[in-house]
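Both complexes shown next keep chain A, but they swap its partner, so chain B is in the first and chain C is in the second.
On to the complex of A and B.
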């Protein structure tokens, strides 16, 4: 039963991901005084892509054609260990937050290889930039995760969320620093403005899009879906770790549906915030990103130090 | 019985020298070959047979080492013995415990893989210029030396075995001595190995001056003041760190490893560095016994520096074997960092957490031996097939050499510490150790350790970038040179079997690390006197190093989940026959003619890193344009050159070199070259001696 619930939660994760992307697009359009596409447009795009015939270069090796499946399953695995509407599901014991970061780097490894596979300049450029940014983002993310896991004294996400729930509403300086740090990392890792622009195909600015330029059909659908899933994963991490209230602690139907409503509400707010920041800020130069990310690292470090200095030993 | 296995493995490695010597003789003494039954007509078969005999004996040595290591790890007892060689009053003491057994296992696996790989690889050497007899003689001595170091139980025997290992490997580095650069690399290696050995002798000397004898048992009993213990520790760290390749005494490593034959670089990088690690562990945790947190801090900082420096330098290399050598510096750095953590926990009386760190360090050492061997053997195959080591001249090899490509990919994934592979498990354990920092009372340590852990994260991410670069440029894209365009899959089965064995083990220990970690837990139990915390679980399914509430990782479940998820979308998406994949030309933006030169190269790939971490190297980058046309308005050609240098040369070694030269010049003043002066010196010496005696 619990395993079934865990599988259902993962499926819900996968199903909700395009909706979040649609909602962000909707908010951005309204904020920029444009007419918005339907909330369900990402689903239609994905469906359209799966029906198309994929065209693959003669140069492509098996790395290129299997990477979409690998990337997508890595993201689904990541989704299976992040509590969305309920904590204490059995899958959360399979992996902790460090393994979660491992899943992300697994997906990125193959995405970058796929970018290099065809042998065009675009792919290599995208791969090189993606690996650069991620290698700066990873320590920053780990720093903010450390600040959290040290106060919860566990790296298991489910237990950490449970710990925050039981502590109640305590104002912890380390959490606030970690929250901001994680938000900055999330922006960089999911390729949003000001680090990358998901809506552009201009070679000077793009990172993620450059790597997947050669993809089409179902391969493109899987990669797009995986990146939407990654966005949702970061959103849920921020929403459920720092504001876990509402998440189901028992597996009764009411608390689960309450948990679902709560997480949708939290995500809608977070997405609105993201859309607002994307409207207000412009994309920055590539070699400014390191400053952005070292700021995130600094925030994480401050969070950890304030945990050590202010919040004392266990 | 177990000791017999261990002796057996050493005897087999000595024995593997013999056929080669016989073979060498046979070339000079025709009667010998006739007596052995080889006439002129069968002469071609003789070297093949000898190669197989040499590597067969080496394989037996590896097998015996694995058996000996496993049986002592399973039994958990300490075996001692004596060999009646050595000094009259000091026979060689032998001791075989869990720690030695674990390193026996590492050497055994590596030697086994190399013995499968070797016969095919060495067949490419021309007998006249690079005689096989020399190669196999010193390989056998080298392996025997490493195994003897692990068995030694007195300082004298230890140093003899250590020197055997160092000197034999010097001859292996100098094997292709017709190239002056190789001779220079080999000399640098010998110089640093001997300076390191001196430091180790001094370290033993410090211990021995407080003990009655040179056996390790006597050294264990020695009671040192903290000051003298620290002196011994610093000397040992210098000596063993020099062999292990810690920054800043790592400079011999990127010079020596690329010039040795690939299977030897695999052994040097994968195994010999681990023997140095063994030496340090034996010296600090076993002989000195009582460790201090300051030592742990020093080890952790040096380790972090080596890890970051190693991977940053590795990234900028275009010579594949140099790159792998620098990456060994990185991995040794990670191991020393975690070992430092373990020392800090030990000094803070958290022996169970110290066991966790110790375990993470040893498991990473084991994993590094597997994947670095795999990568060096893969580099050997690629060099064999393309005659090329510059990654910027390769490309598209995955279609030409699919099996090698697959094996190399597994190596790259393991070294980038991706989940499902063994490198990830040990780094995960390292992070778990660092996260236990809350139990430490000292505030400075509490804030430094997470910073070190974040550097570990940076190292891991940079390693992933580095190996995406390596694999992507070498195997993917279009071939960048004629050699790599013409490359073919290797025909020799053994040359694939060796790396395949290692790749299989990388995957196996990535999925079921539990049993191996259980064995290392036994080593920690014997060396530290403590094993993992009580709540820890090490089943084949779940891995929970502290307690299930703190962290757990189940690689089999992750693998199952990945297979299910990929299987569902694979089946679902490929139902319709209308969406069968169509092959077409690459999109060239309508201009036509994509050439291999338009691809990203390794130098281009790492450009953002060069800009961001510019301070880490000494970069000399030059772009020269040749102009043509009446006003020089057209660019005819662009020349780009890039030189990247290690900081340690101008900062550390050149001042030392200058100081040595200066001292030599001062000392040279007394040498006038005039016979009368020398007679005067003799006379004065004689007078002084007489005065002293009377």
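On to the complex of A and C.
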């Protein structure tokens, strides 16, 4: 029964991911005084892409054609770790947050390989930029997650969320720092505006789009879906770790549906925040991303320090 | 002693202390003047919030007055004056290339540790909140001094000076529940007058050395020309 629920939750993750992307696009359009596409446009795009025939270069090796499947399944496995609507599910109890980061970097590794595989200039450039950025983002993410796990004294996400839930409302300086740090990392990792612009194909600035430029058809659909899933994963991480109230602690039907409503509300708010910040800020130069991420790292480090010093954990 | 066992207001004061410390670090690494002034205003806002929280939790009504004073002076008036000065002298577009920024940041971090180390024996007997708040305020003061040493623009020096005052004020609010009202009013007006005087000084420095970069004052103009 629990395993079935865990599988259902993962399926819900996969199904909700395009909706979140559609909602962000809708908010951005409204903020920029444009007419917004329907919320379900990302689903239609994915459907359209799966119907199209993929075009693969003659130079492409097996890495290029298998990468979309590997990336997508890595993201689905990552989604099974993160508690979405219920805390006590066997899949999230089995693996911890370090495994989650491992899945992310596994997917990124194959994405970078696929970008290099064809041998076009853009692919290589995109891969190199992606690896540069992620090598800076990953320590920052680990730092901010450690600040959280130190106060919960577990790296397991569902136990940590349970700990935050049971403790009630405690204002922790370390959590404030970790929250900001994780938000900055999420922006960098999912390629949102100050770091990368998901909406353009401008040669000089693109990072994620440069790597997947050669993909088409169902391969592209899978990769797009995986990146939407990644965005949703980060959103759920931020929403459920720092504001876990509303998540289902028992597996009764009412609490589950309440948990679903709560998480959808939280995600809608977070996405609105993201759309606002994307409208307000301009994309920064590539060489300033390093400053941005080192600031995220500094925040994570301060979170850990203030856990040790300010919160008196001795 | 765990933070979960403290009451909500103490937690709020601790969180605000952490944020005040963070703003000091942000000021230290900031090369642009307008942003520096903005971060300074944010620090003032956090101070006003701390004072209001302390007034509420300790039930001391006169702290509300000092919170309002802080809000008016350090969040609105002084940043506005500094901003206007920077705009008038047309120095707001200068990006100050901070010399050895990394060393300064490391120095700032070690100053923070140093203030913890110094205050540890003093407040051994009192509560943990006291230790943290005093350590944060001491490090805000030291970071303000470091800001004055490391930046070359005169406006940045004024911000550093004001942030030293912020650190003192924070200590006063958290450790001794605020100073007597007379002292507080006096200090507030002193700070305001200081800001006005600094503005006049800026113009004087600028007319005599044609820049606000105080490093130029080290040179003797007759010799180096």
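Quick note on the criterion: the second predicted complex is superposed on the first by the 313 of 314 C-alpha atoms of A that agree within 3 Å, B and C clash if a C-alpha of one lies under 4 Å from a C-alpha of the other, contacts with A are read in each partner's own complex, and residues count from 1 in each chain.
In the analysis below, a residue touches a chain if its C-beta (ideal position, glycine included) is under 8 Å from a C-beta of that chain, and two chains touch if they have at least 3 such contacts.
Everything quoted here is computed from the prediction, not taken from an experiment.
Enquirer: In the three-chain superposition, say which chain, chain B or chain C, touches more residues of chain A.
Expert: Of chain B and chain C, the partner in contact with more residues of chain A is B.
Enquirer: Once the structures are superposed on A, label A:228 by its partner contacts, choosing first (chain B), second (chain C), both or neither.
Expert: The answer is neither, since A:228 touches no partner chain.
Enquirer: Look at A:218 in the shared chain and tell me whether it touches chain B only, chain C only, both, or neither; answer first, second, both or neither.
Expert: first
Enquirer: Examine A:58 and indicate which partner it touches, taking first as chain B and second as chain C; both and neither are also allowed.
Expert: first
Enquirer: Looking at A:309, would you say it contacts chain B, chain C, both, or neither? Reply first, second, both or neither.
Expert: both
Enquirer: Applying the touch criterion given at the start, work out whether A:144 contacts chain B, chain C, both or neither, answering first, second, both or neither.
Expert: Neither partner.
Enquirer: Once the structures are superposed on A, label A:103 by its partner contacts, choosing first (chain B), second (chain C), both or neither.
Expert: The answer is first: A:103 touches chain B but not chain C.
Enquirer: With the touch criterion stated at the top, can you tell me which chain A residues are shared between the chain B interface and the chain C interface?
Expert: Touching chain B and chain C on chain A: residues 309, 313.
Enquirer: Show me the residue ranges of chain B that touch chain A in the complex, using the header's touch definition.
Expert: Residue positions touching the partner: 395-396, 398-399, 413, 416-420, 424, 428, 431-432, 435, 437-439, 441, 443, 446-447, 450-451, 453-455, 457-458, 460-462, 464-465, 468-469, 471-473, 475-478, 542, 548-554, 557-558, 561-562, 565-566, 569-570, 573-574, 576, 578-588, 594, 596, 598-600, 604-609, 611-612.
Enquirer: Applying the document's contact rule, which stretches of chain A touch chain C when the two form their complex?
Expert: Touch list, chain A to chain C: 167, 169-173, 176-177, 298-299, 302, 306, 309-313.
Enquirer: Residues of chain C touching chain A in their complex?
Expert: It comes out as residues 1-4, 8, 11-12, 14-15, 17-19, 21-22, 25, 116, 128, 132, 135.
Enquirer: Where on chain A does chain B make contact in their complex?
Expert: Contact set of chain A toward chain B: 50-59, 61-63, 65, 69-70, 72-74, 76-77, 80, 91, 93-96, 98-99, 102-103, 105-106, 108-109, 112-113, 115-121, 123-125, 127-129, 131-132, 134-139, 141-143, 146, 149-150, 153-156, 159, 213-214, 217-218, 221-222, 286-287, 290, 297, 300-301, 304-305, 308-309, 313-314.
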